[in-house]
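For reference, chains read A, B, C and D in written order, and residue numbers begin at 1 within each chain.
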Amino acid sequence: MSTATRSVGAPADLGARYRQVRRFTEELAAPLSAEDQTVQTMPDVSPTKWHRAHTTWFFETFVLGPHVPGYDEVDPAYGFLFNSYYEGVGPRHARPQRGFLTRPGIAEIAEYRRAVDDAMGALLDTGVTPEVAALVELGLHHEQQHQELLLMDIKHVLASNPLRPSYAEADGPPARAEPSPSGDDWIAHPGGVVAVGHDGDGFAFDNEGPRHETLLQPFALRAGLVTNGEWLEFIDDGGYRDPALWMSDGWGAVQSREWQAPEYWIRDSFGWTVQTLAGARPVDPDEPVVHVSWYEADAFARWAGCRLPSEAEWEAVAADRAPAAPDGGTWSLHPRAGGEQWCTEVWQWTASPYAPYPGYQPAAGAVGEYNGKFMVNQQVLRGGACITPPRHTRLTYRNFYYPGSRWPFTGLRLAVDK
Amino acid sequence: MSTATRSVGAPADLGARYRQVRRFTEELAAPLSAEDQTVQTMPDVSPTKWHRAHTTWFFETFVLGPHVPGYDEVDPAYGFLFNSYYEGVGPRHARPQRGFLTRPGIAEIAEYRRAVDDAMGALLDTGVTPEVAALVELGLHHEQQHQELLLMDIKHVLASNPLRPSYAEADGPPARAEPSPSGDDWIAHPGGVVAVGHDGDGFAFDNEGPRHETLLQPFALRAGLVTNGEWLEFIDDGGYRDPALWMSDGWGAVQSREWQAPEYWIRDSFGWTVQTLAGARPVDPDEPVVHVSWYEADAFARWAGCRLPSEAEWEAVAADRAPAAPDGGTWSLHPRAGGEQWCTEVWQWTASPYAPYPGYQPAAGAVGEYNGKFMVNQQVLRGGACITPPRHTRLTYRNFYYPGSRWPFTGLRLAVDK
Amino acid sequence: MSTATRSVGAPADLGARYRQVRRFTEELAAPLSAEDQTVQTMPDVSPTKWHRAHTTWFFETFVLGPHVPGYDEVDPAYGFLFNSYYEGVGPRHARPQRGFLTRPGIAEIAEYRRAVDDAMGALLDTGVTPEVAALVELGLHHEQQHQELLLMDIKHVLASNPLRPSYAEADGPPARAEPSPSGDDWIAHPGGVVAVGHDGDGFAFDNEGPRHETLLQPFALRAGLVTNGEWLEFIDDGGYRDPALWMSDGWGAVQSREWQAPEYWIRDSFGWTVQTLAGARPVDPDEPVVHVSWYEADAFARWAGCRLPSEAEWEAVAADRAPAAPDGGTWSLHPRAGGEQWCTEVWQWTASPYAPYPGYQPAAGAVGEYNGKFMVNQQVLRGGACITPPRHTRLTYRNFYYPGSRWPFTGLRLAVDK
Amino acid sequence: MSTATRSVGAPADLGARYRQVRRFTEELAAPLSAEDQTVQTMPDVSPTKWHRAHTTWFFETFVLGPHVPGYDEVDPAYGFLFNSYYEGVGPRHARPQRGFLTRPGIAEIAEYRRAVDDAMGALLDTGVTPEVAALVELGLHHEQQHQELLLMDIKHVLASNPLRPSYAEADGPPARAEPSPSGDDWIAHPGGVVAVGHDGDGFAFDNEGPRHETLLQPFALRAGLVTNGEWLEFIDDGGYRDPALWMSDGWGAVQSREWQAPEYWIRDSFGWTVQTLAGARPVDPDEPVVHVSWYEADAFARWAGCRLPSEAEWEAVAADRAPAAPDGGTWSLHPRAGGEQWCTEVWQWTASPYAPYPGYQPAAGAVGEYNGKFMVNQQVLRGGACITPPRHTRLTYRNFYYPGSRWPFTGLRLAVDK
């Protein structure tokens, strides 16, 4: 996950925002027991309590340590335990062994959070320089990323349990704010030179810029996301058994990992069910499909006679269709049907490999580690998911995962040449 | 770990023994947090809460279910989660994923134990048939085995944490009840036909019998265990670097696993320290060495110009030297110096591969799974460890581990031909 | 390796070209014994005799079978053994086990080649339709790709032998046709809209088109390739030890594969030597560096304060600097110093992930398998290597390998923003 | 394979024996092409040409080098390439990479053999000391072991080829010298103290001694080997699907390696066929079963209500039934039906783990590497196989393999308690 910033304002209400974001992390952890918060079920997954500590370490390491004279770190060992991948800050605990750490326990981590929050509150109350405000802003966006990871990760943990426990009770039937677009609704774009990337006005991660021009051919994007119903057709048509639909690496993954449906789908004698954070439920054909890898999204698009959009195509159209507050009040535990859903239900795989924009430069120092160092072997996703924290989406946001990843909330939108 | 029995009495105080053994498990778990009790740091290790539940499942499955009319199991899912390896009882959760189970949590497992203890108490209070008494007795010995495993396993868990937490505070300096034998004290035996194995009087696991005669050549055993001081000489003499001392498979393990000292030893600029359940301490040259694999024990013996004893040799001499109550009151968290220590400080690797005695037959039914099914690729250990529960050692006890295992409390005693 | 074509002429001398290309394969195999031609030293490597047979199978399967009435295949089993990855043609022998095939031996494979060449000669002598001519042309380019692979692969095989045998005697000191550019010679380009990709005039693989416009920012490329001398500076400056220079995946490769220098470099007490197809020789600081992975090329560029070029940047400049016959008479066993070397000494890693051009469509049928199915997880290389067969390079040629590959003849050219 | 000796005579005809044994190796290699002789299909397998060179290296290293003044080794590199596992002689080429060596080729290895044979002939013609005679005798027995390995290994190589080539033409229908014993023919033994092991009269490997007494319980052995017909009953009765029949490690192997029949058996729509060195043929129910692992042999015995014999039991009975020349003239490419077959058709798995006899001491020096260093994790086999070279079997011979090995010619004979 990216943490470096290109540009930041110094909002007056930074202290309030700090408290709000930090509190939301604790609210997300609240339904989880000490046992739930400790376990790691695959190397990609981090324990809940590790997320709570790592986000705290970020403020301690990059804000309090350098900018509060005489600040004493809560525990000198935490730097080793809770550094994720910042080589510039020193050695760290091996990622696949985060689940071996039974201590510090959740009580000590709550205490760690309180101590850092107290120090941060005191600092923010006194007013901070723009430089420090930028670091705090970055830390808050970083924590929001981990709020999403926390939910992705605990979903994997709980789904690894044969008891199939829920993270939380379902919050009633999913809302359908607006009718779903028809599968035949396409949004055409004439191509030509378009500008993409963040313009520096407000917060963005460094990988979203520089804003620059690029040249598109004419194309169209589907108005709605690919749905479970369409995915069931793909399955029933033998999509997982036809190598002609797949990238060579994808076909290898299908065979070695025995994929037959999206992650968290289970077929029993009554049909398909899906494990959600709110428990198991029948697969709803109207909902957007979620938890498919890039390989599957790419094969599906080929099966459908379409292709995945490039990230520039996605951004050019989304800028027309969803120009304003893309994420107002839509947070939920599972994607819902209804509307065009540019930034609200699932991250949308693109055809674009994750690579630097022309002129990209990573930020200086360890805080600048690294969007850049992940810019190979991964694919860009655009939009945002139902579990993405409120006010954490942007039309220029570049999310990225390996093409075989299925534990993020990943779906797709189709494109065609015109 | 073996669970099948050959012979058992029906003691009048079975109810009292049941409560005592069950309570001791809970006492062992008491210092551990919910987080501590959940984690699995390698496939061999089981979480503390799994041990607590599995031993309870044993009584529910083999005693309450078959012998209490109308007994309702506490949770039908527990049979799947807490079966260890009894193929005859049905499918089970994969061993390397025991650490993925965050639920049931420790509170639910405590409740599970209470419910089963209540039912068992009611059953035992009414009096039971000899058959049921034998099953209960077996269950108690099974639980004692898991008490030892619980400590071995939590030691590995805590030692995997860079903070190096202790399981419990040290209970004062280790006692030295009697002087250690000299390294030159040897106990000669003339060889000839000796009888070994359990005679059926009192409890034993099925693999300890039938008692039978075997023929020994003249030999001698060292009166004392191999000590840390002797092991340091082996290290300093290049023992871990000379392939001529090692079995071929052992030398492969030295190289691939980069062994340079016993498990849990750490060298820093001040010398060797050892991680114990009571924290780190300097290596004490007088203590028996512990946490060495069979490969290391075998190489050490060769370096010393000796060999490991066969299990029959061990039993023949131990029967002379430690005929009575071998384990009175010696339980501790770490092996101590002093005395001949036949059954008190460390399990002692023997030269004997683990194989059935002549005429061995496993017990019938799933409860008879299985000492027998482990009788290949492992080596026998004799004696008992400081963490072996009181009254759980016997001179005929046949413990067994793979020759590369280092997480049990394993040491050695030397033998020579005469 | 890609085999599908977009466009093809029907040259009058197709029969002569056929014989010439086929003969060159045999000339390349001639110095190799039966033993040399049989072995596979890693999954990426194919045995020499497999290359000889697979290229023959291509003509038999796609030309003779469909287009010669009554043609009988030489051996029905060869379709299974010598299909590389064409899913549309049926199942095939597993790639990592190509080295298990001792039969057919090289004599039977020579016979196979002769039989197919006879049938092809008869077919070509009678004149063929443009469709068949296109398939033959494709088969010849396919065979030329395998000529290069054959040399890459046998280099790996021979270098795996502690005797370090040579493939062939050195052909005298390497020629230096023209002086090397200075490391300070840069070729500036103003950016703007440029057209890239093959225009359909003459043969090209399908992945080279459609020709299309793209938008570039101002930039400059280095006139000369990165040299061994520069690479030695990178090593000496700790390039392989500084994680800040590396992509995250690249740093993982450095550590797990213990890279400290390019593949085939060996350091002894006298300095660095390099194993070439013509034997070991001291590393020549003036020669272009070869056998570096994309990860290394990318890290080197960062260390140098530069970056890798995009493939469009490369093509735009190369079209100016090397517009004509890019490959005349430069074939050799090892890269040589001298000149700008756009298409002559080493394949040049680019910053571009391998992805389809806008509007790309794979050819229909099995012959169209697949440039397309490899368009993820790999990086594009441009130019051509010293071992690339004569007349097999094009300015639009898109070669591709995984970013960790080091056994191709891979080097780099630097770029900077302007 | 074991190479150290305890005792050796100095036969007058040593030169003749040398030539005879050496020639037989070449006869075994004669049907194999250069390609056949080069390949390694799994780490256990060595290439034919490696066997030819390694056995030659043995004479050069242990006889010519130390005992012929001024002897110059044929190639200094061969010591590194052709040392198998003698740590005392220095480093060596990694075993899993023996198949990477294309050079020296078979012509050079033939030349190596000739050069060493010439030097050995000259030495033997002049007469040698008893010490040298003992080394030569050891080298010849070592070479005979490799003659058997050569055939085991090439069988695996050829069976890995989908063309299923034969090593040699079938030599007519297999002979049946004598009627097979009935499955109900058992040979009872009263038990008691018996002497086992080699008495030092004539050649034996060091692991066959010292001869010593051991104590047996009453038992009986089956007169005949277990047959394919019996094995088919085991398969049809679900033997490969019932975990209750298997050792825990064996059941793991059944599942992970998907065993459903002996190695080299293939089921098609016409029934079971078996790949032999002389090609595929239908499974003959009267032939002894071959190519089963110890795990399978042990499970079969349990299914049959029997057990495997201990090696002492085997030797005690065999000494009565087959006291004289156990191996006269029975060499063949595949086991045949008929007779009791103590030492003639298949190696017979025993219940005995491979461990040292009481008082065992390995020979001194590198030549004494090592029967001893393999004495853990393996099981003893007794008897001899159809491909064991003439005059290479002994009633005291202790062969040994890991319990999961299936590529040796391994079968079984049943035992029961009395």
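Note that in this section a residue touches a chain if its C-beta (ideal position, glycine included) is under 8 Å from a C-beta of that chain, and two chains touch if they have at least 3 such contacts.
Everything quoted here is computed from the prediction, not taken from an experiment.
The minimum number of touch steps separating chain B from chain C is 2.
Two copies of one sequence, chain A and chain B, touch each other mainly through matching residues, since over half of the numbers at the interface are common to both.
The chain with its Cα centroid farthest from the Cα centroid of chain C is B.
Spacing of chain B relative to chain D, judged by their CA centroids, is 38 angstrom. Centre-to-centre separation of chain C and chain D, using mean CA positions: 47 Å.
With centres taken as mean Cα positions, chain D sits 59 Å from chain A.
Among all residues of chain B, none touch two or more other chains. Shown are all chain pairs that touch, namely A-B, A-C, B-D, C-D.
Those residues of chain C whose C-beta lies close enough to touch chain D in the complex are 33-39, 41, 49, 77, 80-81, 93, 97, 99-106, 157-158, 160-163, 165. Across the interface of their complex, chain D is touched by residues 85, 87-88, 193, 212-215, 217, 243-244, 246-251, 294-295, 298, 351-353, 355-356, 358-359, 370, 373-377, 379, 403, 417 of chain B.
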